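Across the two complexes that follow, chain A remains constant while its partner is chain B and subsequently chain C.
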Partner chain A sequence: MGWLRSRWKSILFFLFLIVLWQVAVDSGFLLRFIVPSPTDVLGEIAGRWDRLLMHLGYTLMIALAGFVIALAIGVTMAVLIAHSRFLAESLYPILVLSQVVPTIAIAPLLSIWFGPGEVTKLIVVFLITVFPIVVNTTAGLLQVDDDLLYVVKGLKASRWKIFVLIRLPNALPSLFAAMRISITLAVIGAVVAEFVAGSIGLGYVVFTGAANVNTRLVFAAVVLLGAMGIALFTAVKLLQRVALPWAQGTKEGEA
Partner chain B sequence: MSAAIERNLNAGRDIGQNNGREDGRPHLSIRGLSKIYETRTGRVEALRAIDLDVGYGEFVSIIGPSGCGKSTLLKIVLGVIGYEAGQAFLHDAPIVGPQIGAGMVFQQPALPPWRKVLGNLMMPIDVLGLNRRDYHARALDLLETVGLTGFEDKYPRELSGGMQQRVAICRALIHDPELLLMDEPFGALDAMTREIMQAEIMRIWRESGKTVLFVTHSIDEAVLLSDRVIVMSPRPGQVVREIAIDLPRPRLGGLRQDPRFQAYAQQLRELLGLTEPGATE
Partner chain C sequence: MMKTAAAIGMATAGFALPAAAQTEITFHLDFLVNGYHAPFYIAEANGMYEAAGLDVTINPGRGSTDAISTVASGNAEIGFADAGAVAQAVANGAPVTVVAAILQEAPYGIISYTEDGIDEPTDLHGHSLAVVPAGATTQALPAFMALNEVDPDQVEMITYNFGATVPSFLSGQVDATIGYLFGEFLAARNEADRDVQIMRFYNWGFDVYSNSIIVNNSFLEENPEAVRAFVHASIEGVEYAMENPEEAVQAAAANTETPFETLLEQFEVALPLIYNADAEANGIGSMTPEKWDRTQRVNVEFGEQSDMVAPEDLFTTEFLPQ
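Right after this comes the complex of A and B.
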């Protein structure tokens, strides 16, 4: 209920926009075959529910699997970068390079190299999601309170103990911040990959729908993708609330 | 050796902590210690030829202008930074590398936010690889001495600044070091909390018999707490003068009105070059 009390203004405004959209189409102000009304879109989703659910499941799987791979490799890279100046200097430029080259532009190339299957798609999702994870986690591992470091160094703490007892837990809030960014990027990555490779997934639905000027189908897929993105983002937030109870109350509660 | 040292050596004996004192060596002994930092813009001489003795159970304050190397000196004693010349001994052992026999408190509490109060007290125990169970009762005792009983399961962010600093003091004492190093521990607290904490640290010191080396910016605080005050010069930090504070203990806040207290404060003010009319700390 507290949730409703704090959000009712934005919910009300959102509903107002939906109604406005519906009226604009029903009154003929917008052409129905170019912009279908909200009820048209809902009808499309209901009518093709089984097919759309299958596509949604596939996209969700690609996004999640790619995200988990990026998480594992990204955190490992961050640990290596934080551990050694040599590795930082050799890994960082490659990482930045991977970021300045738009993943969307090399996705077709990846499709040629690795085929139209899951491998290509997972690589695209990985490339798009790994950067925030590495950068944020590295910062969290390195930005440790100097005084706290002196306190434990005065107790003869080994590098390993400092890592386990201080650096790792210190990095968790920034890791979760990165995960919130990356989980939504993962959905984008999966859709982009499905544009260029394969014949399954909501990205593929959008692509073919647009090619056939089937705007109802495109809108249906977009609405489902939006819902998926919100659900994944919320899931990460809830996970953080459970995993890091000590890091609460600074972002929303107190501000 | 000053009367204050003598008295506190005796006080320490009464408490029964007399390990290593029969040979007459001081707890901390520093001779001709110098520290030079290499920075991008060149060499910075932080400390020059420091001589300092601190007896067992003594409360010694170091006072001096910002950047005079007071904090550097504490970190050298803790063994977390090195030094170029001179000698530093804890009793008869040269200070090379970290000193487990010293506990450190900084101006900021530096409590890891992911550990609850009890977990924060156990941090040194975890680092030292000791068994938490053996220190559980001691942790609760320490929390009781600073009035934090019942706060074991709170996160640091749920505590006030003064309470967090109390936890930091308990953390420095949990593994029972004989020497307590404090780097402006009350500098970030409001005036009222600060006075309460001054009374508390005097009580903890009296009851525990620890040796305390205390860095402060506050003349008032140095006179109130210390057996001896070491006055340091601006960089490169050198010992300008040592002043024994011969005032009766236990000392209460009202002692500030005592003319002898004010005479000591005035003497320190002059040594620190704060002699213009109306100038205070």
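Right after this comes the complex of A and C.
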């Protein structure tokens, strides 16, 4: 309740926007087939709840699985890049290239190579999600205080010990910042993948709605995607609070 | 006593003999589930494919070119794609063959507001047109324009994604859009505040086949009986859907978020193109060399297809019911 009480101004503002939206549609200011009203959208969600829940579950699964894969491979790549000049010079260009080529452009190609199933979708999510993780983790691993390194090297600390005891903990705050970005990118990746192939998922529902000019359906799916994205983002935020109690920093708005 | 013994004997005999393995087939559609796909869904739902020894999975596609590449690459054994698009792909080396022309008439055209008076192809001059490169209509567009002396430089063609064409048309961002009779045209007509019309390519030199069942060539060579069974069961699906449209459309509705009423309307509008005079006389899905020649020629002479493909490399009627 304290959480609610401290945020009542923002909640009120949010509710005001929704009421404004409803009035705009009901009064005819916004055309209903282009922008359905909040009640239209909620009605659509309620009417199709079972099926939309199924689609949501699928998109969530793809986003999470792709995110976990990106996390595992991304952190590994960062460690390799930080410790091996050869790998840094070989991997980084490939990684940047994979980001410069728009994933939505190569997704149909991936679908031909790997089929229109989960493999293609996980690759798409991976490609969209991995970059912030690699970049941030690499930076976190490498940007250790020089004086600290000087001292521990003087004490004959091995590269491995430095990595485990100094670099890795140092990288965690950066990694979590990247995770917040990447978890929302993972949802985008899942949606992009579903636009391109398959017959299930909220991205597929958006595409179906758009192709049939069923804007209610599109909005319903988009609202659920938004809710899912917010929930995942908040989950990562809470995870950071639990995992890194020693690195909370200053709260937002209190700098 | 004897009856029970006999029953038990038959039951155990049934358990002892393994059931004949069903051939697994992935059927990749040309697009998202639409009313005209109802025959396939009812064939699947009512066990017509199963009875023919087939275990069929129907996957919605993302345009004829997507369906063709999926079948060509072997990710699906059988697919559903526009005949014109297939001919172009085969001319470019795609290893697929057409075995039944379910949609006997090209359903695509240009959709516009009646009051704008785009009644003839050349009326397009000075207007903007939404196009979707991955779709059959846009693939046929160069030929349509060349055949009817439409100057492409006088038509502002804007590329959109599939889902954006009709909203852009309805909100006035474009004057006209490409689309299917039972797809974009219905959607536009149902949401527009004014009269909407479609200028079908069929009436302007495109007396050609449209969406057809295509098969991956390797699969065709190795499993001709499965292909025959699939075609026959699909045609059975069409006949059943003609007699029981609501049940058939319900089977399709169970696989998509598009409402039943929309799908039913789509099916009813599509049916005359599936069961036209030719289909009535020669059978659903039947194909003639003459019409295939026309289907190819219009794209070779006026469009983007490089060369004519020899009929035996493009289609075969041997799997249709004789």
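Following the convention adopted for this analysis, the second predicted complex is superposed on the first by the 244 of 255 C-alpha atoms of A that agree within 3 Å, B and C clash if a C-alpha of one lies under 4 Å from a C-alpha of the other, contacts with A are read in each partner's own complex, and residues count from 1 in each chain.
Methods note: a residue touches a chain if its C-beta (ideal position, glycine included) is under 8 Å from a C-beta of that chain, and two chains touch if they have at least 3 such contacts.
Predicted, not measured: the structure shown is a model, and the values here were computed from it.
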item	value
Fit or clash between chain C and chain B when superposed on chain A	fit
Contacts of A:R48 with chain B and chain C, given as first, second, both or neither	second
Which of chain B and chain C A:V196 touches, first, second, both or neither	second
Which of chain B and chain C A:N212 touches, first, second, both or neither	second
Which superposed partner A:I69 touches (first chain B, second chain C, both, neither)	neither
First, second, both or neither for A:I166, with chain B first and chain C second	first
Touching partner for A:F33 - first (chain B), second (chain C), both, neither	second
Touching partner for A:V223 - first (chain B), second (chain C), both, neither	neither
Which superposed partner A:M61 touches (first chain B, second chain C, both, neither)	neither
Overlay on shared chain A, then closest C-alpha pair between chain B and chain C (Å)	50
Chain A residues contacted in one complex by chain B, in the other by chain C	none
Contact footprint of chain A on chain B as seen in their complex	75, 78-80, 97-100, 102-104, 106-108, 110-116, 123-124, 126-128, 155, 157, 171-172, 175
Parts of chain C lying in touch with chain A, wherever the complex brings them together	28, 31-33, 59-60, 62, 66, 69-70, 73, 75, 161-164, 166-167, 170-171, 183, 187-188, 190-191, 255-259, 262
Residues of chain A defined as touching chain C within the complex	31, 33-34, 48, 51, 108, 111-113, 115-116, 195-199, 205-215, 217
Residue numbers on chain A that touch chain B, as the complex places them	145, 147-148, 150-157, 161, 165-166, 169-170, 172, 244-247, 249-250
